[in-house]
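Look at the two complexes coming up: chain A is in both, with chain B in one and chain C in the other.
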Partner chain A sequence: MPEGSTSGFLRRREKVNIYKIIDKLFLYLIRFVSMISVLLLVFIVIFILKESLLTFEEVSFYDFVFKKGWRPISENPELGILPMILSTLYVSILALGIALPLGVGSSIFLSCMVNEKNRNFIKPIIDLMAGIPSVVYGFMGLLLIVKFFERKLSFSSGESILAASILLAIMILPYIISTCDESMIKILKKYESTSKALGVSKYHMIRYLILPTAKKGILASVVLGLSRGMGETMAVMMVIGNSPLYPKLFGKGQTIPGLIALEMGGASVNSIHYHALFASGLILMMMLMIINVLFYFIRKMMGTVSEE
Partner chain B sequence: MKHLSIKLWSIISISLVMIIISCIFGFLFIHGYEGISYEFFIKEPNGMPLGSEGGVYNAIIGSICFTGIATIFSFVFALSIATYLVFYEKNEKIKSFIRFIIGIIAGVPSIVLGLFGYSFLVVYLKIGISILTGGIVLGIMIFPFMEIRFEKTLLEVDINLIYASLSMGVNRTYTFFKIILPICYKDMIRATCLSASFAMGATAPILLTGAVYYADIPNSIFSPAMALPLHLYLLISEGISLKNAYATALVLIVLLLLINSIPTVLDMIGGNKIVRFIKRRKS
Partner chain C sequence: MKRLSMIFLMMILIVSLAVGCSNSEPTKAEAKEPVGKIVFKGSSTLAPVITQITKDFKEKYKTWDQVNENFANEDIEIFITGGGSGAGVKSVIDGSANVGMVSRPVTEEEQKTIEGYKEYKLGTDALTISVNPENKIYEVKDTLTTEELKKIFSGEYKYWDELDAKLAHEEIVLITRDIGGGAHKVFEEKIMGDSKVSENVIQAPSMGALVTKIIENKNAIGYASYGVVNQNEGKIMPLKVDGVEPTAENIKNGSYIISRPLLVITNKDVTESEQVLLDQIVSEEGLKVVEELGFVPGK
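Coming up: the complex of A and B.
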């Protein structure tokens, strides 16, 4: 800011002009950098689309998605990723089924049943869980869950869909808890005094006010958990066994991210194998998008009671 | 009866969650502690097969390099795009288009980003497997998260402060650097540290773009490096050394905790004058 300018009107005008130029330069700089980054992002999307659409010149989209058999390097390559698609869905939905009741219960506890001091102690610990890298989760899964299945339940191989689901459930728990907790806190702040004034007991309030009103928050956490779970690579890959079979609860399986991660290094560029890997990535993204759109409509259909 | 079941449900679930957490951390700390010594930090991986002896010095340095490049790359872009969206762009259509694209990138699984990095940066642009490519891919991965956080903090700035500043004849750039940034910078540092820790723990994006089985300490950004998560993965999947795997996992977790504690430490050291002033006025 120009200050203490005693040398007259003209000098001051010059200074103002310099500041205007700086302003302009800053605007151009920011606009330039932003444009570059947007272009980069658009380019990534186009690149992935282009590389994967080349697959469908060799195999039809229907065969790719709905056929079994993955022999990408043989003479007559077979490319069908139905088992992988089903395993991906199976693992993440089962994981969600395990994690959702735990998550919603914990967030009720966190939002309504503890005082501020204990909450400030528990919440960071749960947030800490979200920070553990997936490799470490996979490591723990291999040592605790898989070993437990093999030793205690005497499975021939502990690496199974169930092990992956349990591990994935633990991984998505912090996300579910924090999303549900956030919306429950909002509702509680809005209605707590009214509810108390009416003499309603705490658990009645939780059952008939907070749980129904937090529906949208719970739904959002479902979407978040599903998309986290379906895109998860390393942890699932380490405990699922990686064989392209139709998923069974105690059998081995392979998810799409695991497929890409395992075969990415072996596929030579521009071969059919390489394009097929891109295409399976695209299928995964499409599945995520479909789920998002589906839940968007469910959310719209659900009543007008909002949490805000 | 109903009330009791809700009470039971929530108490059982929170205690299960706490048991799981303490299991994970307890297991890691107890077993990892045995493998950690001073040598583990300063020695290179050794032995046959590689990694069964020695330490993880190279991997620690490599991981820090990857995270540094990713954070710088993504910070520059995220800050500029957030500022542009909040303070400069007035066209709603362009705004929603940019947000839409960022949303798409946020939804791309990290392994697909790794695939993109491998085929475009490594193969087509011929940069090769290097810290630069790995860092860029990690940067793309954490970019949406950072951008959304930055935008949120910028939007939370009291608009009246900006109006007051502008009506005093202060120009926009000065307002941005002297009024808006001092208010936001703590939240920004927090978001940056959080995304840096995501980048450090991620394995899938650097699997084929930057990290390798063994490398010396990198001497330029075009040389490949080791990374802690990949080193850990190899130690387990090849069954090389369980003891070293525990220790590596513990080192990784401790590094992440250190990164996450940076904002708290900065908070303790001291605040900013303007922020303190505004907070005092509010209270």
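Coming up: the complex of A and C.
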């Protein structure tokens, strides 16, 4: 009997050991996989840096970012992407301006107004909007928005910053809605019964409890929407006209992703044109990083009231 | 239990990954020379022509051993991707495609970087200066001179009535291809010379998009490919340049000046099967397809 119990004990110990080994292996595997993804990012950054730095032997960084004039293949190449930088910012901020009120409104409606059944019906449809390919959006923009501007508002050409912003607003709407909605639902679950017990009306609760508390969630959706908007290529390229001009609301413009997508195919390898396109990609990445860092600090500063 | 199944899942994943990797290598050694897939890359103008020719080729033979006994019994796999003439040259230099499609002259510099450079001319395409049929310009003015074109495309003329008082006071909408592209280079060389194309232009990402824009906007003017114009006859109006109409004959004898060659290019690594395909492209049948799609065939 004592022998049996000892061997049983041993067997159990062996088993525990095997689990420990498997755990260790799994840990290493996870580490390895996550390291690969981090390394990927590092390599991408290094590659873009390497390809773009050659541009700055030709033009100074300052001239590249703050000068106008894009003639990369003429005899004396002019490389200044200020109009593109401004257009990129203009289009995405305007799009955000259009999409944010709509998005916050819809998420309040979704989280506080509709019952569970309808919510479960509407939410997936909105999420589905995020899955529509951007070329399809671009095509719709070309056929509906651009044509509307030309036919009804008699623009000489419907391709404009405004058209791109409207289209982009529709595209980033699902991201804004789902981010805001998520945080609002959390808040609602936490405080609903308290609020009801106090006899506060629903609209009072939304105005004075949910909206202020969801600040961080809304900010997160702003960052997400802005990043998405600045990186959007195909749809914007199809409706903005791609002219390297300073952006005007009803005028044509060109965004950085549009510039890269349009010209990368034609740029011959290792030409100044090719490197300049990489450099503009670098600038775009830097802009996105700055915006993300900025919002991170704003979020930190925003105080102690949080939804968690 | 959950953890166990998780580990199990990971194992399956790893094993399947390993298997997946080993699968990508050829599994059985064929006695005959395997062909593999052939990749074409480059000009979006030329892509439909090559697509049509290779489609006919595929339908005729189906597998490679039907083409020639020396080839392995493999399905004919041909991939055609766009990206522009520049991408065509690039892909031949770095070997990402077997054959490059180029619709502009290949510069000497580029020819030097390609080892064993060889080009096959399929025909000629012209860039026609085209407008929307609703634009009455072809009733008022029969022909545009190079000088007028320069003024239009450099942005000196902003409204149509500046070109001719009988035309409406409406803004001229300029449409070009991307400035790095083959078409734009040809246009700049043949028409613009030293003057610069205005920045207030709509840059279309493909020849198809350019023509669609002209069809849809009544104030638009752009350089549409002769072939694409023929494919959209009646919906778009090509104009004469310096009194020369863009016809097959005028393009061929060179009197219509804004023309460009349609080329496929290769480097030194041409396999036998690729050579067969290239011969097919420049054969009578191939050139017939070039003509059917509206271009001017000829070597």
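We adopt the following convention: the second predicted complex is superposed on the first by the 267 of 308 C-alpha atoms of A that agree within 3 Å, B and C clash if a C-alpha of one lies under 4 Å from a C-alpha of the other, contacts with A are read in each partner's own complex, and residues count from 1 in each chain.
To be clear about the criterion, a residue touches a chain if its C-beta (ideal position, glycine included) is under 8 Å from a C-beta of that chain, and two chains touch if they have at least 3 such contacts.
From a predicted model like this one, the values you see are computed outputs, not experimental measurements.
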Once chain A of both complexes is superposed, is A:106 in touch with chain B (first), chain C (second), both, or neither? first
Quick check on the superposed pair: does A:269 touch chain B, chain C, both, or neither? Answer first, second, both or neither. both
According to the stated criteria, A:207 is in contact with first (chain B), second (chain C), both, or neither; which is it? first
If you stack the two complexes on chain A, which partner ends up touching A:261: first (chain B), second (chain C), both, or neither? both
Which partner does A:26 reach: the first (chain B), the second (chain C), both, or neither? both
Quick check on the superposed pair: does A:242 touch chain B, chain C, both, or neither? Answer first, second, both or neither. second
By the touch definition at the top of the document, which applies to A:181: first (chain B), second (chain C), both, or neither? neither
Of the two partner chains, chain B (first) and chain C (second), which one does A:173 touch, if any: first, second, both, or neither? first
Doubly contacted residues of chain A, that is, touched by chain B and again by chain C: 22, 26, 29, 238, 261, 265, 269
Can you list the chain C residues touching chain A in their complex? 6-7, 10, 82-87, 89-90, 93-94, 110, 170-171, 173, 178-182, 185, 196, 199-205, 209, 216-217, 219-220
Footprint of chain B on chain A - complex, ascending: 1, 19-20, 22-23, 26-27, 29-31, 33-34, 36-38, 40-42, 44-45, 47-48, 51, 101-106, 108-110, 113, 122, 125-126, 128-129, 131-136, 138-140, 142-144, 170, 173, 177, 201, 203-204, 206-207, 227, 230-234, 238, 257, 260-261, 264-265, 269, 274, 277-278, 281, 284-285, 288-289, 292
Residue set of chain A touching chain C in the complex reads 22, 26, 29, 70-74, 147, 150, 156-159, 237-238, 241-245, 252, 254, 261-263, 265-269, 273
The chain B residues in contact with chain A across the complex are 2-3, 6-7, 9-14, 16-18, 20-21, 23-24, 27-28, 76-77, 80-81, 83-85, 88, 98, 101-102, 104-105, 107-116, 118-120, 123, 140, 143, 170-174, 176, 194, 197-198, 200-204, 207-208, 229-230, 232-233, 236-237, 245, 249, 252-253, 256-257, 260
